[in-house]
Structure formats: C-alpha cells, structure tokens
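Letters A, B, C, D, E and F name the chains as they come in the text, with residue numbers starting at 1 for each one.
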Amino acid sequence: MTSASVVGGSGFTGGEMLRLVAGHPEFEVAQATSREYANKTVGSVHPNLRGLDLRFVAPDDLESVDVLFVCTPHGVTMEHIEEYRDLAETVVDLSADFRLPDADLYDTWYDGHVAPEHLADAEYALPELNRENLAGADLIASGGCNATSTILGLKPLVDTGILTPDDQVVVDVKVGSSEGGAGGGAASSHPERSGVVRPYAPTSHRHEAEIEAYLGLQVSFTVHAVDMVRGSAATCHVYPESMPETKDLWGAYRETYDEEPFVRLVAGGSGVYRYPEPKAVAGSNHAEVGFERDERNDRVVAFSAIDNMMKGSAGQALHAANVALGFEETAGLEFTGLHPVGSP
Amino acid sequence: MTECIQCGADIDLHDDLEVGEIVDCGTCGAELEVTDVDPVTLEEAPELAEDWGE
Amino acid sequence: MTSASVVGGSGFTGGEMLRLVAGHPEFEVAQATSREYANKTVGSVHPNLRGLDLRFVAPDDLESVDVLFVCTPHGVTMEHIEEYRDLAETVVDLSADFRLPDADLYDTWYDGHVAPEHLADAEYALPELNRENLAGADLIASGGCNATSTILGLKPLVDTGILTPDDQVVVDVKVGSSEGGAGGGAASSHPERSGVVRPYAPTSHRHEAEIEAYLGLQVSFTVHAVDMVRGSAATCHVYPESMPETKDLWGAYRETYDEEPFVRLVAGGSGVYRYPEPKAVAGSNHAEVGFERDERNDRVVAFSAIDNMMKGSAGQALHAANVALGFEETAGLEFTGLHPVGSP
Amino acid sequence: MTSASVVGGSGFTGGEMLRLVAGHPEFEVAQATSREYANKTVGSVHPNLRGLDLRFVAPDDLESVDVLFVCTPHGVTMEHIEEYRDLAETVVDLSADFRLPDADLYDTWYDGHVAPEHLADAEYALPELNRENLAGADLIASGGCNATSTILGLKPLVDTGILTPDDQVVVDVKVGSSEGGAGGGAASSHPERSGVVRPYAPTSHRHEAEIEAYLGLQVSFTVHAVDMVRGSAATCHVYPESMPETKDLWGAYRETYDEEPFVRLVAGGSGVYRYPEPKAVAGSNHAEVGFERDERNDRVVAFSAIDNMMKGSAGQALHAANVALGFEETAGLEFTGLHPVGSP
Amino acid sequence: MTSASVVGGSGFTGGEMLRLVAGHPEFEVAQATSREYANKTVGSVHPNLRGLDLRFVAPDDLESVDVLFVCTPHGVTMEHIEEYRDLAETVVDLSADFRLPDADLYDTWYDGHVAPEHLADAEYALPELNRENLAGADLIASGGCNATSTILGLKPLVDTGILTPDDQVVVDVKVGSSEGGAGGGAASSHPERSGVVRPYAPTSHRHEAEIEAYLGLQVSFTVHAVDMVRGSAATCHVYPESMPETKDLWGAYRETYDEEPFVRLVAGGSGVYRYPEPKAVAGSNHAEVGFERDERNDRVVAFSAIDNMMKGSAGQALHAANVALGFEETAGLEFTGLHPVGSP
Amino acid sequence: MTECIQCGADIDLHDDLEVGEIVDCGTCGAELEVTDVDPVTLEEAPELAEDWGE
C-alpha cells in the first residue's frame, strides 16, 4: 500500500481528500492535520467519516509518507514547500501556490511567491490537459475549480481551432457555497447565502490567470454564487471567427473527450437533463460538457459542469496522483453520483 | 451499427426496427426517425415541441 | 373605487395580481376566473389570500368591470381580445400576446397572431421605458420577466450612448421556478428542480424579440434555471466601443433612474449585498441595477435583479395600470421586501 | 407621529422592526443603534431598507423617544433597563429578559436576573393571550418565537378544557435559520446548514418555561433546524383525557380565534396547503393553526405555523405596541405573505 | 456473476437499484423496465447512469434472470407475483405488497391483497431485524422508508425492555421529496414544495402497520415534508415506565448495533453534527441513531436518520439480497456519503 | 452637502466630522476618507481588503 497524509484535513477539500484516499484500493491514510481540531476524531468534523479510525494531528507532527496531499489556503504550501517535499516523494497541492507557470503571474494575480524555484517542478494536475507530463511527477498542482470547469468546456473548441485567441469569450460561472471553504463569514451564513444569485466576483477573478496560462485564451470571467453547496457550472459564450456546424461541434467534443473516463458529452436530447448541470455530477469526479449553436448571434454556447469538491479539487488531485503513480486512472473515483439528488 | 446523423456516434439499434419508429441516439440524445430498415436509414424526427419547464 | 377582475386567477401571476389589487387603495376586486377551481375559494389555491372572501368563477361568467388583468398562457388573450375589451375599458395583459409591435414578429418568434389589428393599440407596460404613452392607455402589454430585467440593466448604457447596436452584448440570465407557472411538469418537480443550475433556454429565448424591439439591441441571450422560486437576475456582459470611466457609468445609471420609484442602484460598497440580487428585491416591485468595470477585458458587466412575479409581471402590470389610470404610481406597491429571507 | 427607535437595529429582528416601524402610519423612525455599523447606512446591512434615509448610531447616542424597541441578545436589556425606561415612555423588549413572571425562573432557565424589580411591570406581548393587560403598558416583553407558535397551537385546547395540565403533550418544533440571529457560527454556515433536519435543542429548550408560565402546561419540547430561513412550525401531539369530536375541535379553535385578526384556522380541506405551514405565512404577521384527530391513538395533533421574524418577534412586538398605544391593531401589519414562495 | 433485472427502472428507487447493482462486484445488470421510456437509454432518465450501456425494455419483454428487483408502485407486484417468481429465483420487492405478515392487515391499511398465498413466503428485508431469516430467502419485502427509520431508532429500547408496548410513543418524521416517487403532482412542484414544513400525513400513515408488525409497538405517527430531496428523519418521543440512565441508553444502543455495518450511534459530542441527521448519511446505506434524555419530562428522545433512497429502499433491498445470496453484506454499499453536502 | 467622488451623489455627512474618519456614500457605498474638514474633502479610503465569502 502507498501511504498518504492530508495537510488541512479539517477543511472541505481536506475532508474530501481523506474520504477518497481511505476508499482507494492502493492507498492507506497515514495522517491528517488540523491545528484547531488536533487530537479530535476526523469523524467529529466530517460526519461521513465517522467510520474512519483516525484523529487529527498538529501540522508539526507530520511524519514521512509516500504522498502528501496539501489542502490549505493559498500561501501555506509555498511557505512549507521544502518541508513537504522532504516529507514525501510526491506532493499534491490543492491550493493555487504552484498552479501558475511563472513567478511574475503571482505578482500580478496574487501577492507574489516565496518559493519560485519550485514552480518549474510543478505539473498542472488536470489529466485531460496534461496527462503525459503527470506520469512520475513529484510536485502536482491541482487546478482551480472554476478554471477547471471553464477549461474543460472550451478545450475542444481551442484544440480544433474553432476558437482562437482573437475571439471574444465570456465565461459566466455559477458556484456553490463549498467553494468558500469551511471558514465562511457573514456572507456565507445560511440566512444570507440561501437562495442567492449573487455576483461574487464580477470581474478580475484569479482563475482568469490559470485559464489564460493553460488554454491560451483571455476570457471575460464573472462568477455568481447560487444556492447549492457543491458545483461549478461554466457557461461559455463564444464568438468563433466562422460558425461551426453542429456536427463539427460534436466532432470536436468527441475527439477531445472520447477516451476520457471522466468527461461526458451532454448536448440536447430529451428528458430533464439536456445540458451539463452540476447536480448530475455532484459527488462524482465526472465533468459534463456540451454546447448549443446560436445561429442568430453567430455564437456557440459551451456548458461545463463539475463538482468543485471532486473534479474541481480532491477528485482531480487523486486522478492526477493515480496518473503520477501509475495506478488505474479511475481507482477510487468510481462513484457515479446520485439521482434524484437535491442541492448536493 | 448505424451512424447518428447529428453527432456521428454509432447507434446501437434493436433488431425488429420498423419504418416510422423513433429511436434516440445514446450519445447526443437526438430523436431519429427510421425511414428505411434495409439498410437502416435515419432522419431527424419532427420536432415534438416537447415542453421542458419554465 | 375602481373595479378589477383577474382572468387566470388561479395561476401564479394571477394570484399575485389578486393580492396586489386587493391591497390597493383605489381598486376593489370584482372577479377571478379559473376553469379548474371554479366555485372554490381563492384561498384554497393561494394560501396567503385566505382572508379574501372570493370564489373563482368560470371565464364565461366574467362581468363588466373597469379594469381586466389577463394572466393566462400565451395565445389566450389574442383569441379573446374582443370580448375582453368589451368587458373592460382598460385591459392589462400579462402574456406575450400584445408585447411585440408587429405581427411579423409573432410569425418569427411565436406561432403567429390571430388579432393583429389590436397590436397598434397596445402599450408596453414598463413605465421606466414608456411612461409617457401609458397615461390613458386602454390596452397594456406587461413585459416578459427576463426581458424586463435585461432592459432595465442595459437601458442607461443605451440611453447615454455608451452601448450602441453594433456592440457585442451577452446576457446570461438566472431565473426561479415560478417563471414556469403553476402548471409545471417533470422538469419542475421538486426532486428534479432543486439545487439546479440548468441551461433551460441555451439560445433562442423569445424575450430576445422584446429586448430588440424596445431597446434596439440584438443580444445573445441564455437563460438558466437556478434554485429559487422568485427572481430573474440578468448579467449583461457588454463591450462598448470605448470603455467608460466609473463615474460615467454612475452618471448614466443615475440619470436614467434617479427619479424612478422602483429602481435602486447597487454597485459595490460594503457588506454582503454589493451588487443587484434577486433576494434583495423578492416580494417587492423594486429592481436593483448596477455594474462593474472590467478594465482588463474592456468590458462592462451590468447586473439587474427583479422578482419575476412582481416587477417582472404582476407588479409591473399594476404599476402601468396606476400610470394609465392616473393613480399614485406606487399605490399598492409599497412593500419593500424582507431581510433576511431565504429563497423566496 | 409617534417616534420610535430600535436598539440592535443591525440584527435580524432589529432590521424587521425598522422595516415595520418605517411602514407604519403612526410611527416615525428616530434612531437605530449598532456598535459594529455605527455611521453606516441602514441599507448597507438590510438591503430591503436601502430606501430608508438613516444611519446607525452607537447605543450611547440614543436620544429620548416615545417608544423604544430593544432587539438585543438576552442579558442586554436587563442591564440597561433603567436607561431605556428613562429614554422612552414605552419600552418593548424582544429578548427574553422580561418574559418570565418571576426572578426564580431566570435562575432556573437562564443565568439569573439583574433587574428583577422591573419584572412585575412587564406585560407579555402576545395579544391573543394578554390583550387586556397590554393597553397602556409601558414595559412589554415580546414572546419567544417557538413559545409563540406552541402557545397559539395549544391555547384553544387549554381554554376549552380539552387539554389539562395532567395530559401528555409532545411539542416537536421545526425552525428556520434566522432564529439564530445575524451572528451565526460554524453550524449556521450555508454548507453545514443547508438541507438539514438537525435536532438542535433535543430537550431543555428555554421556551418550555414561557409555555408553562403562560399556558399552565408542562410540555416535552424538541426543536429541529430545517432548511428555511424564516419560520417556526410546532407540531403538538396531545393526549386528552377524553377524545374530542372533530366538531368540538373546530368549536374550540373558532371560539378562541374567531375575532383574532392574525390567526387563521387551516385544518384539512383541499389543495396543496391543508394544514398550517410556515411558508404560507412567511413575511406576514399571521399564524396558521389547525389540527387533526388520530382516532387510533387517542391523540389530537395540533399544528401551528408562524414567521419567527414577524409573529414570533418584530410583528408581535409591533402588534403589542399598537394595542398598548391604542392604534389600530393591524396598523403596519397588513402584508399577507406571498404565493408562490420558496423558502423565505 | 449473478444477473439482476429491475422492474420499474425509470422510477426513483428503480434508478437507485440500477446504480447499485451496476456497481456491485457480484451482480451484472440484465434488464430494466419502463413502459414510458421503453427503448430509451437509462441515462436519458437517470443522468448519473449515462455511462451505463442499457436501454429500458417494456415489462412484457422481461427475461429470466437470477434476481428480480421490483420497484413499482403499490399493487403492481401482488398482481404479477406469479410471473415474477417464475422469472427469477429471488424476487426482491421494494413496494409494500409483501411487507405485512397478514392479509387482514392489507384490508385494514391498504385495499386488500390479491395474492395472499405468497405472504407467508416473504421475508422482511431489514437485516438488523431479520438477518437470520433472510439467508436463502426467495421473496424479500423491502421495508418502508419511514418504518425503517422509526424501527431502527426504537429497536434498542424495545430489545432491552426500556420501552414496552404499554408506553406512549410519538414518532414525528421529516421526509424529503423523493419519497413521493418520480410521478409527483401539484404539491411536489418546485414552487410549492420548496422550503416547506408541511404536515403531509398528520395521522394514519400506513407505515404504522409495519412498525407495529415488526416492533410490536403501536406508535402515534406524523409525517412532515421538509425541504430536502433524500432523507427520512424520525424523532421518537418515548415515555418509558422508568427513566433509564444515560449509560443504560448507551448500553442498549451499543448492544443492538455494535456489530451492525450500517448503523452508527451519534448522541451528543462536539461539533456541528451531534445527533442523527439525514444529510450526514445521504447517498449512503448508513443509518444514524441516537438519543437524548429529558429528565424534566421523564422522556427519552430517540433520533434516527436514513437516506430513503438507500437504507430506506434500494440500499436495504441490496443489503438483504446480499444476505439472501450469501454475498459480503456490505458489497456494493461502501459509499460513505459526502461532506459538505447541501440538501441531497 | 458634499459630492461623492465615486458616484457624484450628495453625501449627507454628520456634524462632528474629523480628519481621518471613514465615511461611506449612501448611494454607491464607497468608503471615503475625510482628509480635510473645512471645507470637507474626501478621498477614496485605502482598500480594506475585506473578505467577502467564497
């Protein structure tokens, strides 16, 4: 068995990471850190993990391990990266600290970087984008949730040249409350956060940087909080130089994703679920992507939906670790989601 | 195996297909009308103007 | 007192219309029709109206009245328009039947029109757009909910020339389940409709026609169902020829709406509610509009939020009737909404 | 006009109080306090009050006023009662500080009382229970929300002797998240509080004391948090000595509430809303009460539903103030609620 | 591999059954029936099963199979039971048709029974109650969801004699909208069903019969619809002859459930999740049970929470089938649920 | 009455204004710093980098 520990195990992505690792055929959970809940059972924070016989340890008590999943807020990993890499052969970071290729970008979009010398070692986790470089990687940077949904929705259009860097792209994203992490504040209290359609990042969302870095496209990005806990749904309004036919679009999406175990095409058809939606993938590592042509406006609308806790963070991280370590790609990620399901 | 006229995916059709039958593509969900059975020919089914909420 | 009856009183907008008319200082409710619930009390369908001593009548039993509010599905008013206008001096129609200026547009966007000779008589209800023509109007066409939120969000940009017909506009709308009316179907059952972000009109939504007719702009329109009952929130991604300054935007919005009793500007500031959101106006006839500049992408994002049952239908209809009949504009529409409030 | 100020105006009940007072024909708002938001506009905290031209003041800046509504956490009013009574002829307290008739009870259920000499002056606000003593009262104690729903549901059974103190009563209450006030904590963050059925006070809820004091009944009380923002719904399982007939129950409820402007009987019938439910009264000062007989178990199930922000706090307080000051009882409380409405 | 087919595969429990069987290491899915969706893909109805290469067949096209899971409305199985038992060695019925031990009870609680001669063959599925008789059973009757939550909550008290048939028991249940099945009606449309606390079965719920049959207790049962999709939470208010100590209660619950793979005790402790709640088990086959003592009222409050789609139907059915066929009890039921999760 | 430097609306200021005080505009909500009191001069307040959920 491969041992794995989780830094930030009391947080939302940390809890999800623990659940996935504990259910994985090749991994065994070693440790989970929490400063606030040190010595308490993992189940006292994550009720679904009550069956797990594990207590949180303080970060200082971390021991050597095969794989370290780091699920802390932005800034923590870069500060501790030497220590983490000493502790583990493979470090998978879920924060933004090693996602961007270039220290300059951290100056522009974040508050700079304190360990830029490790940036070149890091591989972006999204296997649909970067599978070839992930095999054997020892520093893996799991992508941002909204960047992930956006990239997956647009990638076929970029790959096939339907969409080029000169074309106009608006990405209007709708996200669930778990994106804010376990901390929360006044705006994420239940009375204030229920039932909202709230423009929480009208402009200048940091994931624009990631999208530009990995898709080569500058996009106009706006993020809304809506009433769900899990989910990131990207609606990409795209104006290609020349309008593709429906079958070209199908061709593009099928070519890009036909072999992908975690991407489903959903574009029209009958029934209630005709386009990608987050509740159809909630709890699973799947992404749904699809599109519609708007003849009248020479527009293609590309839709993409993921669970931010899974494909948008912990699931993506595990998927990338599977690739890095040579495990079955889908190992530990078989859960297909639920139907019916409310607002998961 | 017949190809879907909308998305190009292979459609797995059952045996006793009849002309006029509506089949849907498992990939894109398109509703297709069987216009001939030997060989199988599919055309886009007339829009059913199905109501879909709101 | 002015007498008023409601056709389609058992529906969602019909119930709201009844509530508003019953609480209005100048109106008294005469009749409310329902085929399905004829002879039942209005309160058996609308629990908030249990205090109203009224039973539904069959449409055939409608009597003469001063004002007739028609709250039926598309197609019903056009068929009965002669009869309705015979019954009442003033007919206010909440359906789409008399919204578009031109019979041709009904061929393009709907299934044609059976009483095109009345189209010229109809005035579009939105007072912020058409106040001057509403005074004394006898056929009033209340606007579509998503068209209303969109028009209100973009109007200041159009009025001041910041936005011109050549500019690119994407309108990404999020709506509540009451937009579907009381009928509902499989897709609007609670298990299927809860927690969704569902592209329900990816392209070709009929309200595009209304927006083009009254704003003079062709917009790329996409509508998503989200988990709320009331609300239409329009996010308008706009690329003006030349980027306005923040104070130009404030100037434009203030100029357009400073005197408007039902439009509030919300653009930034502190606290939880920094931009327009539907829950801040739910239950009220208010619209919130606001904007944010996106320097990086030469984009202005305009936000607009209304309650589709109020400003988006029954409230707008009453507001227009107030103008038409010379009543105080805000009469019967004083309710300011609730805080906190969940997913109203 | 009668002037009124609100202490704790930035809180949930304080905001509701401000909304009601501002819309009341006889009152005008003087001041609203907040320590945290002093000098900010009221609308920056309560978006529905953006039209109100008022800024918070620090509690120390409170000036003399006719009526003072105190909307602070338990313990604050008792500490400041002398000051408050000096400032205003009429003090209406929404906290628990003056609800119980007896200082001893504060030792048992709370942490004692620091101003017990004022207890005898206080009148319990619920007009359905205490109307005669409220006229002219100068210290009014608005009831607890769950106590209110329970008392209203059971009162007819007690009044008519169907239920006696020896009978078994289980009260199983379901409440919305606004009961917790604007403060909130981890348990009331959106991700943790959404979609719950959570036993938050399995036993020993303090409102038992109020119910016993004013209804003369000891009840077994359990409170659950459910996914709504506003509402308190009490299901009272009652085992009378001898089972009443349906018409006796109707008789009891009608006798008690026939003249009450804010209590509606809902017990069976047709349609979707057959028994009391919070969403049918949300936003309004109405209570719905009703019952069902359970022949097989010799049980009567009494249901009661209110909006905790209205009938359960600010609405009740205003209703009592109306009675105390000789205003129309329903003044400022005419709003009837909405249909359809989500989870208000 | 053991082959399994699902009758009523387009319904809610049928979809869940398909998901579980498809993910089970010993089963392979043979057929799924639907009259309405015959020839359509399973994924067009259940979006989480888009990966399943299967189309619905008409019920008449059912072929022989090892195990038949029947997920149809009440009345269908009894009518077809001969046919079903001819088709399969093992029939697992999720409806109420074979749950009660006695044809008389069907006269009292349902509309009689058309195949009473099979009743004696049927085993009640709940393994915690009936494990010993399930091994080798060929007709298995999966329990009602609310009966299951109630039975699991009370069983330890009954087993240890703390609770006897003479004692008073009130069971107040809160359930999600998926209990109504995929059909739905006006009351389960999103606008009407959102945010409710609605007494949907105030008295005389049919599950009383099941509880009495298998627990030997008559209970006063009331069921409320609340705003979630999945979940049944039973709050059992119990008045034992003599009040047990806390440690007696822990003893009782631990004795009953210590070896049970799917029952977790949750009674107090720290954190947000201190008592059983449905969202902590949603998506999983787990039940949470717990209790609190109410000294003042000589009452024990027992809580129990399950996912009605899993432990309350499809999960329970599969668990029983595992026992019947000698498979690992937990096979195919390993999913532990999610955290955070909204209103699943 | 002083004009808001962000939105141009009139700001209703209280009497005992002090230099360094932060006031917010009732219209646009901008946080403004009082840099002089006679006459009243306002500048944009330094960004408080307030966290706002998510």
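Odds and ends about this structure:
The working rule: a contact is a pair of C-beta atoms (placed from the backbone, for glycine too) under 8 Å apart; a residue touches a chain by one contact, two chains touch by 3 or more.
Everything numeric in this text was worked out from a predicted model, so none of it was measured.
Compared with chain A, the chain whose C-alpha mean position is the greatest distance off is D.
Among the remaining chains, the Cα-based centre furthest from that of chain E is the centre of F. Separation between the centroids of chain B and chain E, computed from CA atoms only, is 38 Å. The distance from the centre of chain D to the centre of chain E, with each centre set as the mean of the Cα atoms, comes to 38 Å. With each centre defined as the average position of its C-alpha atoms, the distance from chain C to chain E rounds to 44 Å.
Among the residues of chain F, those in touch with two or more other chains are 24, 29, 52-53.
Touching two or more other chains at once are residues 12, 176-178, 180, 182, 184, 186-188, 191, 193-195, 227-229, 266, 269-274, 277, 340-344 of chain A.
Of all residues in chain E, only 12, 15-16, 19, 23, 40, 44-51, 176-178, 182, 228-230, 264, 266, 269-271, 273, 277, 280-284, 309, 334-344 touch chain A in the complex they form. Residues of chain D that touch chain A in their complex: 12, 176-178, 180, 182, 184, 186, 188-191, 193-195, 227, 229, 342-343. Those residues of chain B that touch chain E in the shared complex are 12, 14, 23-24, 26, 29.
Those residues of chain B that touch chain A in the shared complex are 6-9, 24-25, 27-31, 50, 52-53. Of all the residues in chain E, the ones that touch chain B in their complex are 39-41, 43-44, 53, 55.
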